[in-house]
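Can you read through this structure? Questions will come right after.
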């Protein structure tokens, strides 16, 4: 037991009480009262904490943005409104905002992208979710290929891009309406497919629930699903997968 | 108004009271107390009444089977159990039963099949529903091509049969699990696709509800959907469509 | 195999490499980056690509509208807002817009309508969806009869129009609330009924889901269902059916 | 206040303590430990307590049956199995059982039926629920007309019986699958329609939920709905309505 | 057969062709193109046609309002917005509008109210639906007692009004949230209870669906349910019931 | 029977008619026509009546607020909008309003807090619901500890506060998205956990329904659940529990 | 920090390495390979681990039963089948089994019951769940009063027992069908009500989901809900609450 | 274009018509009439085709089993019943069957396992699904660690195994009831978590749907979900991920 080692060392005077105490201390976080920022997260998991901006008060958002920027020298937020961007830009003029993905960020300029993730959409209306996925993956160091508007109602469009898709370590498939693209993709590639249902559709699409059910019930293998419109989550797990593969390429 | 014509003719003695009465009589049916058989249905719609056997008492089933046989010289029942077949066979030894589709029938031997309907399934487990559709269409005079086990997880299997599918007047697509085959089919053919969700699957397939939602939300055009496992309904409407096309071929 | 024929011909010099290559080329599309327009679609299926306007950015909508207009000399969009119409009209003053159906189009003037499709509604609130269906069918060359406000709460209104309905090749039935009109219609005509549930209603209508379930569970034969409020889809498949019948009439 | 009157009378000696106490006593019931039979119910509401047999232990069922029989000289149970009937018949040989409705009863022979309730079904499979409704209404003194198998897929069958339906004080409409009969009925009669969805159907009928939704969303007026398969509840409220009307006929 | 009688009389000259034609003519309606007003409805059912104002265009609403007013000398509309009222008032200054129930009407002044209907609510937020029910019943000639805010969380408030409730011919029970009031009411009165779930509530109330389910599953007898927020429907059927009882009181 | 005692005493002249009448009188309430304020509630249950402000008309809200303030010298309302606050403040300038919890109140200044309730949230977006719970509990006399933003995605944050949580008499756990915090909490404390699902989340969170299901299905013991976003309900029942424990501490 | 104290003491030789190690060791459990029995649970929470028998293999059940018996000298299992009982009885003849609650146990004979919990049911069919709750609470040392069959369809039965209910520290309310009893109870007592929906019912009761929704949406205060049929969970949390109150009574 | 290269080579005589034809031929499959076995699948994706045994007729199962065995020298089937095993064993005595996972297989003996996948369950009832996942992964060449019964109601059990979990390339988390384990796991590891909801539970667990929703809505990052009880699917995608990582270790 590692615990015993520490204790024996302490007993023997090999380490101080402070050093031993540090070992037993819970993993730290920044307690801001209303929030507890997981500032050691990057060390632990290789992914810095990210801000889900939607619904945050202006005051809280600014403080959290600042604290994380200060900690890492870069910061990344999802689901930001344009007015939140304007608020932050006043304090941090270097902030960037993308209206389609609604991502707000300050990013270091010398990051390089590794491996390959393909991000595909069934239609053009799925692009905002796909961009959230793609830019998340890029922020975390993945190289991303975008293949948009290749839904199954005109499946020859997908086939013309098949070599790009098949060369990726992980394929993110973003689709609303009936979400059939994920199943077709699962039958065409031999790498993990992360399926993202979107709330695109109308009528019985039930804001993405139908697409979610389609994807969960897929008859194809090698597919796993994240929440409706959860581009960020897809970009995150795809990056985890891509990193596993990338180590090998070095 | 046609009504006025009849009345004027009656007044003038051009037609008898009986003839006029016949015009105004409701369309008739055979009242068996517990059931009202729509015996004039064939004249009206070109389709004889069919027996939904499931849940009928032995006594009622036998009487209805006999009455319809007597009326038309042939009779067709769906969702029949094997024991129902054995019951009927004792009285009508010429009865035929197919264990897969669970169809029971006595069929005239000189019927010819016209036009073409393609019946496709995603998997082998969808075959019972597909056979109900195919045999219904055949009973009502359609020529049927069967293309089974061509689901999207191995989509090259469908492509190898595409010419057959594309030559049909109507394509019945039978699929459970996520039901994505219907959307792909809709993008590949230019004829109406009748989609039949099946209760094949498990987990979140919810006994076919997920496949139904997939098909209803299809991003492809030219698809309409019938109830889960309703092979009979698909065979019926496909025959209606096929008949419209067949007239032209003469 | 046709493939072999091509290859043999090439080998023998009967055709050039370019001709052979053309055969093997994927079916083409117009890649606009954010969208891949299926411009060969009309040749393939007899239906030109249509624009689903809702949710498209102004810039994308204009470009796609223009590209398709240029391709075919006419163009058709559904779910367009009035402001989208105003945007397009500035560039293409010949554009027409119908506020009820929300259809935007430039249509050739010399098109003739063939066959017959009946479009029926249960109530007056279902008319916008019915008009989307009717105008879609007309754009694609079908002759359409409108029979509105004939719901089952006053069923004599439907009976007074029964001859019109019964003479159509296909009947589109548009109904919200409980959607019972589709079942009644299925029992009265011998042609395919395409049922369109609408989101008209309140309370437990659940934005059309109840009507959808009613229609899918219909006890009548010859009914198939499209998505809630999907007038376009109904007009499309009804046209496919109508075309099959029309060929015969020549 | 009536309370004050009683108290003043008691104070003045106009009534005894026992009489006053009787006034303030809670309405009584028979406490059998595991059950509390509402034996004064008949006096209060004009309807004796009825036994829901399903799920009761043999011992409890026998005791409750006996207690209610003793109290009223007749007794009525719903959802009884055949084996429950055999159990009871051994002790009370005069017990009657109907296998279709699953009603068990001992009924006084001199009861007369008043007014009129029409009980209609869409199909033959709805008859068990209809019989539960009809026999409940008869037990409680209503005259009942049965009109079975008049569903909307062959609506002329209903029209041939319209005069019978229209002469009733209340119409019970029993239908599974899509349940459209209730809406049609509501448009044809001017008396209250009690709609009973049944669990008859398959696929997306969801054990009667679809029919329930259809009926609740009915576009016709004068319809109210009871639980799926709740023939007893329909027979009960229809009898309440019939009694209101019957008083007038005397 | 009545039909035969008519025909025989015509043949014999006892009646004219016009008289016979009148008999066979479908029940008439006013065809306004976009709508088919059921103007004979009052004769048939004793209830004039009512306007569901929500979603109607200004133009259509005005025309229908005028047509019905002209026909009957009074007119009644539900779910009217204030701006619809202002529109109509300009043409028909005698129009009355109630902001709570959203009912718009011109009503004859000499109508008398008969019988008794009790309208109860669980809370104050249910009052708009209750008023729609109450005013509908009053418009159609019922005498109405209102008992509001007597929900089960303080059930002594209901008990203090029990005599009023118990003296009605029909009790309309309006409740949102969990809708338990209907069951309690069913156990306390011996007349039909029409239960109206409302969309009042939050969280898992799912816009009234939870209350609807509670009411449909009620363990009490004598309860039937109408759609969520359907005060009009409740007032209508309660009036039908009240009329049956009222005849007797004459 | 207590009733008999009263009656005997009255008979014997030990008490007056008025005293006896008081005993038999229903528990009183303040009848305001549109509302029936349960003013004796505090005596009965130890909790004064509280105003659910949302949806109340300005006029009604002011009157009810005033009536309850007059009765108790303090008053408490939930789900108040800022404009409702401004309305009330004009009449009662001492009114306090908290924008986060949306609680409006006038509170006596000398109240002391007893026992301990811990209120925990999974994320920062759950704080408004948590504050409604916390401030409700405080208003009713509980001492409250707040532990916010300790969701399971960084569970070490919860562990650092475990001693605070474990020392409470009752733990309110507020969580949206997947609501897993409640199960983890149930495994860590030996006091009742009141779980509050929130509507925080997106996609398949279905406005809190997913979190509700998670909590209801918890594999941990000692958890019971209130409605989505029902902070008030959680604060109320936690206070009931806390009071049971507090008595002992005296 | 307690951690520091331990470390300082170790450094100073006040405690041994073993003692310190014991402090830092994770809480132990019995690892049986396929299961990890939480044998220190009783020390931690005051509740011994309980066996959910349903679905366990005979072999595993016997081993776990034995291990827990050995640990505590008594053992308690829920959802046991009769055949599981017979299996266990062969090895442990002192085992007791109750067919109604399906509880299996060996219980120490000298346990005394404290405080008071009332367990109420709406109907007789809810008794199995109620007994699971009652016997769980008794096993964990609570005194339990049973009040069965007091549903709201005859609410006077509940009122006759109100004093018993009102004297309890916690009221468990068990109800299926529409579950309205919980709301009524919440309005009548000032102690926490733990509501248990049951799967009793049919049709739209959806196996208890309707009752669950009713209870979660309750308009009354002081109610929290556990899973459908989860008598054990209700007995557990009610015991936690009862224990808080009981301490005071000493 | 590769296509052009082939054509040019053919033209130039560098390759034969047969060679060129082979290139253009669709990927082949074994057409068995009722099934189309994807026999080239292993070459394409590195995973041989697997048999979903449930629902297959004896005859079909035997033929497919034999065909795949013949093709690869090993064969793997899921969801096999014991009687299916007995059927197959008669023909292939070397067949192995595991009753818990219901996996049937003949496996080559010299396969070696690479990388590491951790398979965790919340309870013992989740083990059958976990074993399906684990054995699938092992069959496809992954090394698997099993960590069972570490659900969140006793979370210290998981912490004691954290180092094992954290050393895996992918963590499969199998949980029923409320499924909270997945979220906790996502917060503790930095590798992809594949979450498998199971149908274990009762009441509102709705056969796994609640667990599925919990997992889809997880607040933790790095989680993707497969269908309820889909152990095979989880084992498959985890193997894909593990293979990506394994390449690097060489």
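Side notes on the structure shown:
Letters are used for the chains, namely A, B, C, D, E, F, G and H, taken in the order the chains are written, and counting of residues starts over at 1 for each.
Operating definition for what follows: a residue touches a chain if its C-beta (ideal position, glycine included) is under 8 Å from a C-beta of that chain, and two chains touch if they have at least 3 such contacts.
Chain by chain, the UniProt names read as follows: A, B, C, D, E, F, G, H = Nickel pincer cofactor biosynthesis protein LarB.
What you see is a predicted model; the values in this text were computed from it and never measured.
For the two copies, chain A and chain G, the CA superposition rotation is 180 degrees, given to the nearest 5. On a Cα centroid basis, the chain most remote from chain F in this structure is B.
One inter-chain figure worth recording: chain B and chain C are separated by 25 Å, centre to centre, where each centre is the mean of the chain's CA atoms.
If you average the CA atoms of chain D and of chain H, the two centres end up 54 Å from each other.
Each chain gets a centre from the mean of its Cα atoms; for chain C and chain E, those two points are 38 Å apart.
Within chain G, residues 154, 203-206, 209, 212, 216-218, 221, 227-228 each touch two or more of the remaining chains. Across the whole structure, chains are in contact as follows: A-B, A-C, A-F, A-G, A-H, B-C, B-D, B-E, B-H, C-D, C-E, C-H, D-E, D-F, D-G, E-F, E-G, F-G, F-H, G-H. Considering their complex, residues 26-27, 29, 33-36, 38, 41, 55-56, 60, 197, 199, 207-209, 212, 227-230 of chain C touch chain A. Chain D makes touch with chain F in their complex at residues 1, 3-4, 7-8, 10-11, 17, 20-21, 24-25.
Contact residues of chain C toward chain E in the complex are 124-125, 127, 148-150, 154, 156-157, 159-160, 200, 202-206. Partner chain F is touched in their complex by these residues of chain G: 44-47, 169, 190-192, 194, 212, 216-218, 221-228, 233-234, 236-237, 240-241, 244-245, 247-250. Against chain F, in their complex, chain H makes its touches with residues 122-123, 151-155, 177-180, 183-184, 186-188, 201, 203-206, 209-211, 213-221.
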